[in-house]
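Note that the chains take the letters A, B, C and D in the order they are written out, and that residue 1 is the start of every chain.
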Amino acid sequence: MTVLDVAWAERWMQTAATDVRAARDELTELDRRVGDGDHGVNMDRGLSAVVERLDDPALPPRETVGQVLRLAATTLMSTVGGAAGPLYGTALLRASKVTDRPDLSASGVVSMMEAAVEGIVARGHASVGEKTMVDAWQPAAEAAERAEDAEDVADVLRAAAEAAAAGAEATVPLVATKGRASYLAERSAGTQDPGARSSAIILAAAVTAAEGRDA
Amino acid sequence: MKKLLDDPAQAVDDSLRGFALAHADAVEVRFDPTFVLRAGGTPPGRVAVVSGGGSGHEPLHAGFVGPGMLDAAVPGAVFTSPTPDQVSAALQAADGGAGVLAVVKNYTGDVLNFETGVELVEAEGIEVASVLVNDDVAVEDSLFTAGRRGVAGTVAVEKIAGAAAARGDDLATVRALAERVAAGVRSMGVALTACTVPHVGRPGFELADDEVEIGIGIHGEPGRHRVTASGAHDITQRLLEPVVEDLGLTAGEQVLLFVNGMGGTPLSELYVVYGRAREMLAERGVEVTRSLVGSLVTSLEMQGASVTVLRLDAELTELWDAPVRTPALRW
Amino acid sequence: MKKLLDDPAQAVDDSLRGFALAHADAVEVRFDPTFVLRAGGTPPGRVAVVSGGGSGHEPLHAGFVGPGMLDAAVPGAVFTSPTPDQVSAALQAADGGAGVLAVVKNYTGDVLNFETGVELVEAEGIEVASVLVNDDVAVEDSLFTAGRRGVAGTVAVEKIAGAAAARGDDLATVRALAERVAAGVRSMGVALTACTVPHVGRPGFELADDEVEIGIGIHGEPGRHRVTASGAHDITQRLLEPVVEDLGLTAGEQVLLFVNGMGGTPLSELYVVYGRAREMLAERGVEVTRSLVGSLVTSLEMQGASVTVLRLDAELTELWDAPVRTPALRW
Amino acid sequence: MTVLDVAWAERWMQTAATDVRAARDELTELDRRVGDGDHGVNMDRGLSAVVERLDDPALPPRETVGQVLRLAATTLMSTVGGAAGPLYGTALLRASKVTDRPDLSASGVVSMMEAAVEGIVARGHASVGEKTMVDAWQPAAEAAERAEDAEDVADVLRAAAEAAAAGAEATVPLVATKGRASYLAERSAGTQDPGARSSAIILAAAVTAAEGRDA
């Protein structure tokens, strides 16, 4: 049985940093096509800063999952910039508020996902189908809810991550109506939304971290 | 990609350090978090005007910090909105006790980061008003977009808000004037070449040797459509007409005409475009009473230009004419 | 070649017409022959300062016409010296009764055409003195060249001569001051890309993706040697060192540092170069007391920059600081 | 027997204008390599203006060769610009002063060529071997002098034109020490001097005009 404890949460962020760095050029290229080409660099900068702070011996050790997510939220907020910075920041900040315990149950994962989606929507006012990161997070939260009764909490995460990946894939044909890609109107169709793609990568990292294969 | 830079990740800071040394009499640059403050700060009792956004648009915004215009500017990474902690630090440092007007260009990132930054300082008891600049007629302002973008018209909003603050207007008045400018200013841009973000290393889009991209923003993002390159007259018409239509300008009205270079276009070409735009406005009976020509809201080394028109009245004209002493704009 | 121009043969005139409209309060443009005159002319009894040369270097020279700097400017075709009749018409129109200083950049064409133009007006009884600007250390000043070229240092000569004339100095004094500036100013430039003369339609030279050309002039002509592109620090060193050596600058001296863009380089990069140059001058104990950063002496849309250093003393500093109100330079 | 009269002088200028226009891109390319790429356009603009003024019915008809050359000189001076404008202008102005007669004898041609060279040298202070137009004009004047006793004045011109062409060709390996090309130092070698080349074209046009094949 998987345990989603503080060590997991920290491994999640480390894995996310590694995986986003590996995907940096892919994210840059997606954003170059439908935005301004900075999403890969922005997310890499932000997640590297998160890892640096997690590794900082001067900071007090985290005792709850929420504390890890709060550290990530404030760090992303102050290092990412662009649209993604406040969106990821708010998502994780809201998620941190419902995860202030040493480890997460299946329903804890569901609450975390729901809080994250609410944060993104509260800030960005986008809904599913507008070709944004909501298209990854919303189906992910819904899938988590459907998987709440799974034996292993890792399966809840896995359901969320798979739905996020499918949701991100599904943004390819969409015409953007929120964010920078909306300026392109029809020309935004045919490219995956960079923020949805980075969301799928970060949620997949949660699974990897749960499987113990850390960065 | 060839640029006069060293480490791309340090380019914004390197540039700001040079900027601070070159204009030590006019500005002060603070780091961690990064922002630019008017030397000596906002005069006590005056409203402060603060703006910011991604870097790569120099001299916007830092070049407009100084008496008669901005009290602080918040530069993000290249083409990336600054973070909320930068915004709140700048707002806090700029406040002279009479509140702060935040001039925000309408991009999701700028809006979200300023929103969060403003929340943070409001919690400290500082009064903040915001004005959104969305002058780019290339983007339809509809339910199906993030709304029109803020582009070169920002200069007019910052100049006039700064002049109002300098003469002692209160925050509500400064905000109302800034909104009047924002409501009366429209722009449209063209790219002849794309630009290359330093850490990306390749251009944001590709243009054939005979193509230009109409309706570009200022972040190296593609525009609305491509046409075959066709000379200054034709291109100026494609830029000016939607601007004039959107403003609903009629004969007898007075305007400010601003031809802005995107960074890699020679000044001589901007004057050619300016001359063409003057002819076209004259044909419509629109009177150009104030002018500005220069590369002030740029996209790195992009070749191209934008045309901005601001509807003027006596008060806006007076505020436009008021003295300004910044590194990039002074009279 | 994509440019915001219509008929290339008319580009200079088209641009000047736009320039005249945009700055109607400051300048007047005359055609047949073509020159630019300060609005209202030279104040009677004051020495006039006139400069000129090929077009394509905007804002040089026309952008510097106005109180405190030039009384007239003479633009030739792109990169082509103006003709003697243009020169003589400008000298004649600018004369305020106290004589004229002609500021000539050292190029065979400029020298010959000014020489002939000056002869023509001297025959009319107008007193003319000339100063030759030859600040480009990329060219060895020897029997085997046409001598060092005049490049960005011209701005300093024009500014200080204009300030001296404005305070009422006589022609001999204005000329002596201009010569002191010319003797104390040195420059060196680099191109990252070549530029394209409109009627030629292709670049003046070709550079590989990783090459820069060191020691370029301002006419799109090739430089002295090519090196592999290597960042702002290295390039700044290659530009600054020969300048400092040639001036024989020693610790404790005060200088003006001017980083000039060639037309297609973003301002942000110029500030990076400026910052590097400051570090290097500080290491040598040279004190930068005045600064200028901007694209003021350009080569069309060329990407690149030049570094100029002027040795300052109290009088030159005072004249540099004196008010100037021109389209391109004002304080 | 050829007669070098006013009609010849006007045909000379017209032919020169046609031939320089035909060679414009070649001159531009030479100047692009060792100068600033404007020589072809400058000379085309100047000679077209000369032809325009020759065709202007409002101007009084020319009665001497010198009057034709003077009109060409002042027109070139006020339309060419660059280094070439005052150099060609002075050359033709000096030449016009020794040709104020209805037609030229062999010795008249020699004087004309000598006056032209003196004018170029007086303005530009270059001597043979510095890779300038002097390298065309100086041997041309010397060849004219050597051919002064020819039966037909056209032969004097022909000798001059051939020497100019050879002189221009001979500039190819030279390193420039005057004019804009001198900035290139060793890199100026390997390209023909544009001003020497245009000089050879213009002197060849004098022969063509003498042969009655006008523009």
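Basically, contacts are C-beta pairs under 8 Å (C-beta built on N, C-alpha and C of every residue); 3 or more make two chains touch, one makes a residue touch a chain.
From a predicted model like this one, the values you see are computed outputs, not experimental measurements.
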| item | value |
| --- | --- |
| Centre-of-Cα separation between chain C and chain A, whole angstrom | 54 |
| Length of the line joining the C-alpha centres of chain A and chain D, rounded to whole Å | 76 |
| Where chain B and chain C are represented by their mean Cα positions, the distance between them in whole Å | 29 |
| Mean-CA-position distance for chain B and chain A (Å) | 32 |
| Category of the chain touch graph - line, ring, star, complete, other | line |
| All touching chain pairs, where touch follows the definition stated at the start | A-B, B-C, C-D |
| Chain A contact footprint on chain B (complex, rising order) | 33, 54, 76-86, 107-109, 112-113, 115-116, 138-140, 143-146, 149, 197, 199-200, 202, 204-205, 217, 219-222, 224 |
| Touching residues (chain side chain A, partner chain B) in the complex | 28, 32, 35-38, 41-42, 45, 77-87, 89-90, 123-124, 175, 177-180, 182-185, 187 |
| Chain B contact footprint on chain C (complex, rising order) | 1-6, 11-12, 14-19, 21-23, 55-56, 58-59, 63, 192-193, 209-210, 212, 229, 231-233, 235, 263-276, 278, 288, 291-293, 295, 298, 300-301, 303, 305, 330-331 |
